[in-house]
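Note that the chains are named A, B, C and D in the order they appear, and that numbering of residues resets to 1 at the start of each chain.
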Amino acid sequence: MISIAVAGASGYAGGEALRLLLNHPGYGQDFEIGALTGASNAGQRFGSLVPGLPQLADRIVEATTEDVLANHDVAILALPHGVSSSLDLGGTVVLDCGADRRLSSEADWDAYYGGSYPGSWPYGIPELPGNRPTIAAASGVAVPGCFPTGATLALLPGMAAGLISPEVSVVSVTGVTGAGKKPAVELLGGETMGNLRAYKVGTHRHTPEIAQNIRRVLPSGGEVRVTFTPVLAPLGRGILTTVTAQAQGSAAELRSAYEDFCAGEPFLHLLPEGEQPEVKSVVGTNMAHIQVTVADGVVVATSAIDNLTKGTAGAAVQCLNLIQGWNETAGLPMAGL
Amino acid sequence: MISIAVAGASGYAGGEALRLLLNHPGYGQDFEIGALTGASNAGQRFGSLVPGLPQLADRIVEATTEDVLANHDVAILALPHGVSSSLDLGGTVVLDCGADRRLSSEADWDAYYGGSYPGSWPYGIPELPGNRPTIAAASGVAVPGCFPTGATLALLPGMAAGLISPEVSVVSVTGVTGAGKKPAVELLGGETMGNLRAYKVGTHRHTPEIAQNIRRVLPSGGEVRVTFTPVLAPLGRGILTTVTAQAQGSAAELRSAYEDFCAGEPFLHLLPEGEQPEVKSVVGTNMAHIQVTVADGVVVATSAIDNLTKGTAGAAVQCLNLIQGWNETAGLPMAGL
Amino acid sequence: MISIAVAGASGYAGGEALRLLLNHPGYGQDFEIGALTGASNAGQRFGSLVPGLPQLADRIVEATTEDVLANHDVAILALPHGVSSSLDLGGTVVLDCGADRRLSSEADWDAYYGGSYPGSWPYGIPELPGNRPTIAAASGVAVPGCFPTGATLALLPGMAAGLISPEVSVVSVTGVTGAGKKPAVELLGGETMGNLRAYKVGTHRHTPEIAQNIRRVLPSGGEVRVTFTPVLAPLGRGILTTVTAQAQGSAAELRSAYEDFCAGEPFLHLLPEGEQPEVKSVVGTNMAHIQVTVADGVVVATSAIDNLTKGTAGAAVQCLNLIQGWNETAGLPMAGL
Amino acid sequence: MISIAVAGASGYAGGEALRLLLNHPGYGQDFEIGALTGASNAGQRFGSLVPGLPQLADRIVEATTEDVLANHDVAILALPHGVSSSLDLGGTVVLDCGADRRLSSEADWDAYYGGSYPGSWPYGIPELPGNRPTIAAASGVAVPGCFPTGATLALLPGMAAGLISPEVSVVSVTGVTGAGKKPAVELLGGETMGNLRAYKVGTHRHTPEIAQNIRRVLPSGGEVRVTFTPVLAPLGRGILTTVTAQAQGSAAELRSAYEDFCAGEPFLHLLPEGEQPEVKSVVGTNMAHIQVTVADGVVVATSAIDNLTKGTAGAAVQCLNLIQGWNETAGLPMAGL
């Protein structure tokens, strides 16, 4: 039985990772849950911070240190940008939910993050063609950002088939947990309920990650251009992504490409024509519901994911399953609330 | 392997029962999911009605008839009031999520429902003292109402210990799924978001069911009086119940009674002093989070449940586990989203 | 003192028109509120249908007939598509909040609505260059759709200046009142809270209206192409529109065009660079908050409006003010809740 | 023309006061809006803090000091507890939205607030019998708490008539703006959306204020006991209060008392029998919608108010109108969104 630590355990991504692990069939058999760590919360009773996980309520949060974490077989890190790459955890397998290891281009890193470039790790979207063996062999995985996951899964079947122009406009409407559990006035319930607003227009750090994923699957070169506009909406969890781009094939070809691609993917659910994905169907699950339409020569591809599950902690567990040789779908819900 | 039908499968309670069954460890081993039935929806593709359960998306809804349902070992009924008691399902084990068999007093039935009294069945709150063997031996269970579940679990430890006066004021704040999926103007998003309103004040049909549960556990006779006020709030799932009554013991005695009672109950989570239950912690779970406080000789007992899980479909599965001799907690989440 | 009737008074747009009229400085001086009409609600107490307008609570809803309405100087019509153009109200000034008279192209009408083409009326966005005298002289105004209002006001300053390509991708995130008060399962609180979904992708009837407005202000010909994707979000009122298109000028030129255009418009509020419009700021007001950004040669223009105020009833009152020679801003709030 | 300063202008109560003042018919004629002050926000552009008031967007927030405020005829103070009583504003008329001057009993102050007792001022519920002349003559008014306003207005007609026992259970369900705009994890959108929780059960500081109001109107002595349970719900604005108590008269007597009392009150709207108040009807207004029912010898009185309007800033403006001799209802909306 291996042990798994969760760093940043009292945040939204950390809590979701723990929820998935507690319901995982391997819990108590293949693995145990080790240290729950935090920064300012170290020393506190976990149940006072995350009251929804009664099984762990009486645990005490430990400090996020190399010593605490390296003492485990696996560490799931849900830490602020820049922290994970500063930790040396030796032989511990790391699922890094932060951004530090996602970008394979140092120029992208410099343009959007800055500071010393920490390099990149295998990228945790198993659905990318050819990616499963890479992940399975990895000792560290860069779990993708939630927006890039939504956009990539919406585009992937058509982009990989060369049927969608790589100049895309991505508008992603997201729930508020995507911004984390930090106390900030603009994230208060009083500021977010009954409200909608775009933010970081043209400057969001997830932009180069979307472009990187497109480049990875694009059959022919072509210029990749991603215009990304996130919109904050009054719900807790979920992202609805719309991608608009020129079609480079017929509606029938696109439909066929999506059907072929999704057929073998347990977490991609292509909806019948005429139905659109909705966030409520995927909340708490590791699914991406997907649709593609073509009108007037323009593709609109849409996807719905739970930003904390398929968008973060579910992807981490999916990659963990691959690394450990467990069933890839183990512990990852498909049925939504 | 037994087969389980779900009637009213496209409603909220039916859908939640299916979500729980799909994630149940016995699914595909101990049981299969048989017919999904509906009334006006018969003949439609299930995925178009309930898009969040992709495993069942291509099923076709069948008509809710005795023939269809009796052809199963178990039927979970999530039907409008009055329908379930009109069905004769022979030897099929029935978990009835409707009200038809809940009231053991014909006078209560006449006062609140009217029409021919269908009698009563074993009542599906396993936490009621001595109730587990009764449920385990039953061929039909009256799954409790969501409000009575919340109020009963908040009161039960103190009431059974004689520490709370049976003249209680219950105010239950509920999400909108409690009213079902029927298209009515007052349940539209435009009418319920950003809104709060009390309804059926003094007349709600769950009132006698709460009183019946109090009478059942009251150690000495005493007059039972329940004033019940439901309040509709802008969320999908969950009930937060507050019960106010005269204390008949000290704060320490009450605390002790609650601790003793909850210690052995897997789905009752008594919070530490100073913390209050919240709905978010229990959404999607079969848990009741509970607190009790005493001030100025008055008890305020509170509970949080998911109206569709512990309040309906989770209770049905919990009773099904008891009847089938499966682990009582199998397939019933404890970790909230 | 003239009299104003409101048809469809118990719907969201009708109710909002009445709220504005009740707070209008001309109420009781320049005009009185005449008949409140409805279809299935005729004969009912208005306060039971719209409890938020206590001044009118004891009114009885009358039937929507030519006789009732033509007996007024002004009629504000908030009726289902197709009804308003079937009414002959003689000399009564009509503010038609429906779609019947919006499209000046019969081909567009045939493609998106069908049936006999009712012709078009002066179009009720006073901010369109040169449009105020036309509205002021009209006896009937086609009040614009809510989505076209949001998209048009976001684009107008840049498009009229030739600085934005007329091939645009419009994604509009909207509250649920935009769909009206009709009882439909997909509009229930239980279906819309905690949810996001795109709908009518590529087929929404507001698409040609947006294109028509672009054509109207485009300085040089050019091909107009509008890809329009509405997204339903869990809030009552408000639309956040993002428009993505190729820039045809520099960021400085665009900023300057927006500043010049908005300077003279009482209901257009251009935000400082770096700030984005939010719906909460405009709920209950007749304002459009606007921003424009350019990155990598692509313009993202955004706007926030209240779909029921600037998007419908507020526009109607603004046009009414122009027709009656009242102060254009009278009775139209600028300060948001 | 007098000048009015608003202290704590960027908070929810301050912003609402400004919204009301901007729409007040006396604005620009009888009064001007003077300094907008803040603590940590001093020096910032007001529009960046409160984007919904474009008329004041370019104002700069000043520091909350005696010098700044005393330089006005009137100051509306929306400040943290303890700050207002530390300010000496000389002859400036003060509407204090904080708690410092509400309690007339030093013992209550010591029990619930502590520290030096600042004494009490005339209490700003004009609807309390005989209170209007007192307010009109005051140079300082203690604007009531939002919960006491809701509970008092629900109870007032029956309590003053001796028809309701003064031992009451008050459960108030409130939107999140009641807690102010301070950045705290438990007030984040991610913690409050989809959630309900009781808080400060048995200890909330508004408890003695409710009791004080009951004592003030109770015709015969009798012991007053208030059990107060606030519940936080996922909406921005509004309080739905339920009060449960023994009836001391018949349903007809209670109905009659409520009808008589509300008949002369512009901001009290007694609903017809069978209808219940809802928050949506009063958001943005200064109204209290009220209902009273009796069942089984128990009264359930309910009210809906907007916590920021009638519950705070609207009450301040209502008192200001009385003090200045303006129309009591001027600038105070009655028609809800």
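What to note about this one:
Here is the rule we use: a contact is a pair of C-beta atoms (placed from the backbone, for glycine too) under 8 Å apart; a residue touches a chain by one contact, two chains touch by 3 or more.
Bear in mind the structure is a predicted one, so any value in this text is a computation, not a measurement.
Number of steps on the shortest path from chain A to chain C, with steps defined by chain touch: 1.
Centre-to-centre separation between chain C and chain D, using Cα means, comes to 34 Å. Centres computed as Cα averages put chain A at a distance of 44 Å from chain D.
Across the assembly, chain D contributes residues 191, 193-194, 234-237, 278, 280, 283 that each touch 2 or more other chains.
Chain contacts in this assembly form a complete graph, since each chain touches every other chain. Those residues of chain D that touch chain B in the shared complex are 169, 171, 173, 191, 193-199, 201-203, 225, 227, 229, 231, 233-240, 242, 244, 276-280, 283, 291, 293-296, 298, 300, 302, 304. Those residues of chain C lying in contact with chain B across their complex are 12, 175-177, 179, 181-185, 187-194, 234-236.
Interface of chain D with chain C (complex): residues 16, 18-19, 22-23, 25, 45, 47-48, 51-55, 57, 193-194, 236-237, 269, 271-272, 275, 278, 280-285, 287, 289, 333-337.
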